[in-house]
Amino acid sequence: MLELVLKRLLAAIPVMLIVATVVFLLLRLAPGDPARVMAGDMASEETIAAIRAEMGLDQSIATQYLRWMGALAQGDLGHSIQSKLPVTELIKTRLGPTFALAAWAIGLTIALAIPLGVLAAWRHRSLADRGIMAVAVLGFSVPVFVVGYVLILVFSVKLNWLPVQGYAPLADGLAAHAAHMLLPTLTLSMVFVALITRITRASLLDVLGEDFVRTARAKGVTERYVLFRHALRNAAIPIVTIVGVALTALISGVVVTETIFNIAGVGRLIVDAVLARDYPVVQGTILFFSFIYVLVNLLIDMSYVLLDPRIRY
Amino acid sequence: MPSSIAPSLPLAAPPSRLRQGASAVLQDPVMLGSLVLLLVLVAISVGAPLLAQHDPAALTPRARLQPSSPVYWLGTDSLGRDLLSRVLYGGRLSITLAALVSLISVIVGLAIGLAAGYFRKLDAPVMRVMDGVMAIPGLLLAVAMVSLGGANIATMVIAIAIPEVPRIARLVRGVVLSVREAPYVEASVGSGTPTLKVLWRHIMPSTINPLVVQATFVCAAAILTEAVLGFLGLGFPPEIPSLGTIISEGRPFFQRAPWIVLCPGIFLALLILAVNMFGDALRDRLDPRFSRKNKV
Amino acid sequence: QSTVKIVFQAPLRVLDPVFTNAYITRNHAYLVYETLFALDAAGKPQPAMVESWKESPDKLSVTLTLRKGLKFHDGTPVTGEDVVASLKRWSDRDAVGQRMMAATAKIESPDAATVVIQLKQPFGLLFEALAKPNLPAPFIMPKRIAATPVSQAITEVVGSGPYRFVAANFQPGVKASYVKFADYLPRAEPSSAFAGGKLAIADRIELVNIPDSQTAINALRNGEVDFVEDVPPDLMPQLEGAKNVALKPYGKSTNMFTMKMNWLQPPFNNVKVRRAALAALNQTDYLDAQIGDAKLYQLCGAVLSCASPYASEEGATQTKKPDMARAKALLKESGYDGAKVVILHPTDLATLGALASVTAQALKEIGMNVEIQSMDWATLLSRYSKKDPVAQGGWSIFQTGFASLDLMSPLTNPNLDGRGETGYVGWAKSEETEKLRGQFAEESDVAKKKQIAIAIQKLNYEQVLFVPLGSYSKFKAYNPAKLEGMTEALVPLFWSGKK
Amino acid sequence: MNATTRPASTGPILDIRHLKVRLPGGGDRRYAVDDVSLTVAAREIVCIVGESGSGKSVTSSAIMGLLPKGVLTLESGQILLAGRDITHAGLDTLQKLRGDRMAMVFQEPMTALNPLMRVGEQIAEVFEFHGKALERDAVRQRVLALLGDVRLPHPETLQHAYPHQLSGGQRQRVMIAMALAMEPGLIIADEPTTALDVTSQAQVLRLLNELRGRHDNGVLFITHDFDVVAEIADRVVVMQSGRIVEQGTAAEVLHHPQHPYTRQLLDARPRGDFRAVALQTAAAPALEVRDLGMRFETKSIFQSKRRRVDALAGVSLQLARGETLGIVGESGSGKTTLGRCLARFAVPTSGDILIDGAPVGGLTGAAARSYCKRVQMVFQDPFRSFNPRRRIGLTLAEGPLNFGADAAEVRTRMLKMLELVSMDPGALDRFPHEFSGGQRQRLSIARALMMEPEILIADEAVSALDVSVQAQILDLLESIRERLGVSMVFITHDLRVAARLCHRIAVMQRGQVVEIGPAQDVFLRPASAYARELVAAIPGQAAAHAAAAQSPFTA
């Protein structure tokens, strides 16, 4: 296992290099010029040229790439073009809110989706099953920004129970933190609850027909244990995969939630940076993401081995 | 005495898959219902040019945000465009988008996932590349692609499909890992089945269940991702309405003119509902352990 | 300790008010910096950091004496050296500044309290230039900072204004905070727009960026923030009747939509096609589509915006019902051959989203071959600087919005730039216009200035350098309990005139 | 189990009255179980024998209330457990009874164990639900004791193994241990010894016997092995096509059968005669195994949970062309592993396998494919060797079609094969889970034969078949061997079957071949201690003692 972890972490390096290169190229392919974005729409061409020279953007792409890689090799992600702050610093300050949001959302998702999915599979084709599935379908057919908007309208503006926007770190107290997180979490997790409920149901249905489930029942194991101990674990691989994938989708997909609820997280950081062509920030953030993804996927793969002793790599 | 217990099944040749499929659809009310709904939605979208009484791009700024009226059946949007026509055309675009995105991402993801899961040597390199691809945000792709290819459907499809591919590949690979050692796979290999066929016949079917769920999700996600791109300002150009852009454009008017969000929203929900119900019914059909249940 | 939380329309990232002309940086700069002179509510320059000034009889030498006791936020006193360095940096960048420098022999500081400006030729706009309210503005900062080359954005914020920037709390694009500057000495005069006494309205100002306007409005209604800079017209109905929220325009015609055509490429390199297009346009459509509420917008054909003292409707046709027949005839006469018209459409700026569609519809109606190309603003900015034909990534029509402040003077109004390829995008080449602008700069008589302005406007509609697409009033919304009595100006200013 | 908690009842432990279980459309017949009535009294062992597919397993599932929902439906009849009607008992009631008052050993232990749970945990689970008072330590002790009772080697490490790491017989014994855990009033054992070697089998039978002596258990024992019946049955029930055709005391049924089907069955019992005609030893062996070794190491973070098994240790043998080599031996001695290595399903950790003198390990591409065609395996676990999502017809046809056979021809061959293994042609359109255990085993043989292999490796290929079908299949294999010169590796625990079919026999123990030689020598003059033990443990010995003179195998 340890060997697997080490190998994977080593393998992460080329992945991140490739990602870095692709992102670098994509960014240069995308038209747009940080100098122009910064200087505004009335700056003269000479000014723009001067700024570009100042930022080193007038050099050839190859030179820029090599310079960036060189800095990267020393662990330097560079500085934001716009704010001049170190990219690591920017990511660090933005990470907390995003992780909090993702953690809440994943927590809520698992707490809701798995029991619901199990129930739906267990009562296959019953009213409960159909009901849960219908709600799940609705769950992913309503755009996040509409959900968020309606939630704010009801709970914050009309009822005045919860704040409209902003983020309070845990340090501000659990109550404040939870109050700020509740609506964004609901908004963000809806889609994932729907997805994971459905995948749980689908893969559980696959398993419930197996003989060992019958054996468990023959032992007099209660249904709850049959479902959660025997069936769910055998159905776990797709579920875990989707949870992992959802986690990655979630980290990059929080943008809308962060925008609506004005949470200064990494999602927003990257969107803003893309829109402003703040190259070092985009590159750095994506590198960081790819590292996270490698980690998350490593965890998923490790959980495969733990979940299913038959799996070998 | 039920008559269906024929002494034996016809031996001449098993009924063709098509026929089997068709009869399965007709027997299952859920499947039939969802298929009909899906077809109706597709039909009215495909028939948009015939059904729409207005040009979906024609603005009448003075007639903005009007509620339903004999002229504008579903009212107008914030630029005074006919909502009905826009929803119809938008449905067409969104359905195409969803279909293409899910098709492309499922096919590519499935192929990659099968290969990575089955061939031990490929697993590590392929999955690492997938990890990397996953990290590239769709937004950046959209910006880059739009600038390279213009804001058109091909660009959108690719920009939305690319990040979905590794997700599907992962899912498929996970399932493959857990079935590749199954005795029936061994048995098939042992009877000389070429690897591709083993993958296709014995391994791929086990991935169908989660795949159907994921694919219907991708379908919905494609439409919504496009909407989100619209929300962030990277959607289609204004003359090309899509359900997503209609919804995101209508959001500021949700209190004043809720129909702008609701109409495409309902269309979208019905569409996704139909796809999902059909997917669910299909998977029940595909699984022999359930398919025989209701037959007597 | 009173704290005011404000929401500006964009995220604050670039702090340098000379480097960029972004409105958000301007808003930020007004909290922190001051200029030598400042415009009052009537648009007239008044002394701000300057105590008194003397003009030599030939008007070629101006001696400025700084107010006593002025201090920068880092504690150092404001000196003439600082002023000289600041003016120098500003004039490297700003068009008006460049004109001023062109007329200037030298600027020097004989002693700490004095600055002398030696002109080579009369420059009627000297005080207006020193009071220039829009960016790049001649804000005064310490010499060590002003010494930074203008191609490099400064990151250290040290001004002499009523609020001190708290660098430690700055998170680019997220939040910033300002505290009342204890050593600030307000002038004795009553406050009037940018000029006069500035009494900080709060001990602390916290700037939060809320990217979604809807959320900003909701936060204001919920009492989470106290000030929202820009309320989109479509969201205003939500605030009407809301408790503890005041909604107020910055003034009349504070902003304007504009259209630029590309003079270098077909079809708009042909003045007749430009005229035909102009004839097809109709401001009401733009304003209805983009603003919606007729109470909030004004038809305005003035090239210097209707907020300008020189405003006039001379020559404008687009404010009336368009004469499509005439437009078609003009187009025919021009010999238009169906060349493709590419309209640039920014997807991420909702405030401009509808313009492209309206233009496209009008031009299609007269038979032009129109294509809208959508892209994000950053792409658009790079794209619009391309002079190539449309087939090679060029463009035909670019539309945007301006604050009237930027348009009020023929000198600062970039749309009236007639320098051709070296000028503002669209690359209109009009020597007559340039000549008139030169005259305007030198002229100090108001009546004559007005005449020149009207001549410029006429010329504009003849040659179609740009097309004003209508003005509207920008609205701010705030918590009256905290912010009543804020000084009124076209820009949000967080001080009041009296206690 | 505590005697005071058991309701004092004088009536039978199990009483089934007129049970009818409906089959879904497309099945063999309308009712899987048709009007079955039987009783099992306390301290009684009732054996059900009968045709494969006659409804034995369905009857037992019905008792447990475990018929697959919506597929097989209990149409009428009554099931009473210790006098209490449980035909339509609720889930709660059933949960309390299952495992505690009635337990079942399922026919196919391969699929009946949860693949993701260590076997020890699976047994311990029974106590979790029925022996709540038990301390954790006590549970552990009980689990180890149970594993020891069923003669599993090294219970301390074996309890940490996952099912897939165990041999067929080991899994079966785990199943048995699980059923015996609470020493329930009714034990239903569905062919519990099919994968067990005779010594293990004897131990299991002894265990059941003891149990009913200690507690007043009743046992319903499904088997097709008449020696087992003779040894343990008090009463015998004979089933055919879902009906009971005869029942009575063991002595009555075995010695004075009334029904023709019973007589037919008794006649078909393997006699243990050596039928294989000696071979002309050919020059080159078809297959040769040299010093084969296979070691399994299971990894775990905990030292105590690690297991290292030498499933094969230095196995060498040769298979001549047209020869049938029987492999018998202890359960877990590496028989299946050897078979899998021969069929290239497993890669041995040391040693060589040579086909026609060429090493098998290095085969690639076309050579590997042709090897597939020449060597076919019948799996010990037929259920899982069929793709659950494919109809049987497709699975049967797959192999020949792979090698370019004509579809129509394949179809006729399939029909012929089904006939040979006495299955209905309708089977082609059904899915694997819709068959009985024996039916699947026959289908598995049919699949291997469809390929017309040169070498057939049959792993417990006839263990789940009733004797008449078994006899038929053995005849079939014999005729194929004779006609086509097929070489066979025949893995079995049934020594009588081995004797009947094989030229030579290899006896395996703990991964080694302890004895190899002509069938007669091995059985009549066993050289090694283990072989002697094996022969002595053949069930039905007591009854057959007198006749032992000419052959130890005749009942």
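All chains are identified by letter, namely A, B, C and D, in their written order; residue positions are counted from 1 within each chain.
The rule we apply is simple: contacts are C-beta pairs under 8 Å (C-beta built on N, C-alpha and C of every residue); 3 or more make two chains touch, one makes a residue touch a chain.
Source: prediction; values computed, not measured.
K.L.:
Using mean Cα positions, find the chain sitting nearest the overall protein centre.
P.N.:
The chain sitting closest to the overall C-alpha centre is A.
K.L.:
Using mean C-alpha positions as chain centres, tell me how far chain A is from chain D in Å, no decimals.
P.N.:
That gives a centre separation of 50 Å.
K.L.:
Using mean C-alpha positions as chain centres, tell me how far chain C is from chain D in Å, no decimals.
P.N.:
The mean C-alpha positions of chain C and chain D differ by 89 Å.
K.L.:
Centroid from C-alpha atoms only, then distance chain B to chain C, rounded to Å. What do you get?
P.N.:
Whole-Å distance between the two chain centres: 47.
K.L.:
Taking the mean of the C-alpha atoms as each chain's centre, how many Å separate chain A from chain B?
P.N.:
Centre separation, chain A to chain B: 22 Å.
K.L.:
In chain C, which residues are in touch with two or more of the other chains?
P.N.:
Residues 214, 348, 375-377, 379 of chain C each touch two or more of the other chains.
K.L.:
If you look at chain D, which of its residues touch at least two other chains?
P.N.:
433
K.L.:
Two or more other chains in contact with one residue: find those residues in chain A.
P.N.:
Expected reply: 30-32, 149, 153, 209, 259, 275, 308, 310.
K.L.:
If two chains touch, include that pair; go through all of them.
P.N.:
So, checking each combination of chains, I get A-B, A-C, A-D, B-C, B-D as the touching pairs.
K.L.:
Touching chain D in the complex: which residues of chain B?
P.N.:
2, 4-5, 8-9, 11, 14, 182-184, 186-194, 197, 201-202, 205-206, 286-289, 292-296
K.L.:
Under the stated contact criterion, what part of chain C meets chain A in this complex?
P.N.:
11, 13-14, 19-22, 93, 95, 135, 149-153, 155, 171-175, 208-212, 214-216, 218-219, 221-222, 224, 348, 375-379, 381-383, 385, 400, 406, 414, 422, 424
K.L.:
Help me check something: in the complex, which residues belonging to chain A touch chain C?
P.N.:
The contact residues of chain A facing chain C are 30-33, 36-45, 47-48, 50-51, 53-54, 80, 82-85, 90, 93, 149, 152-153, 156-157, 160, 163-166, 259-262, 264, 268-269, 272, 275-277.
K.L.:
Which residues of chain D touch chain A in the complex?
P.N.:
61, 64, 66, 68, 91, 94-100, 103-104, 106, 108, 111-117, 125-126, 129-130, 162, 164-165, 175, 178, 298-299, 301, 383, 433
K.L.:
Name, in rising order, each residue of chain B that touches chain C in their complex.
P.N.:
That would be residues 57-59, 61-62, 64-65, 78-80, 143, 146-147, 150-151, 230, 232-239, 249, 251-253, 255-256 of chain B.
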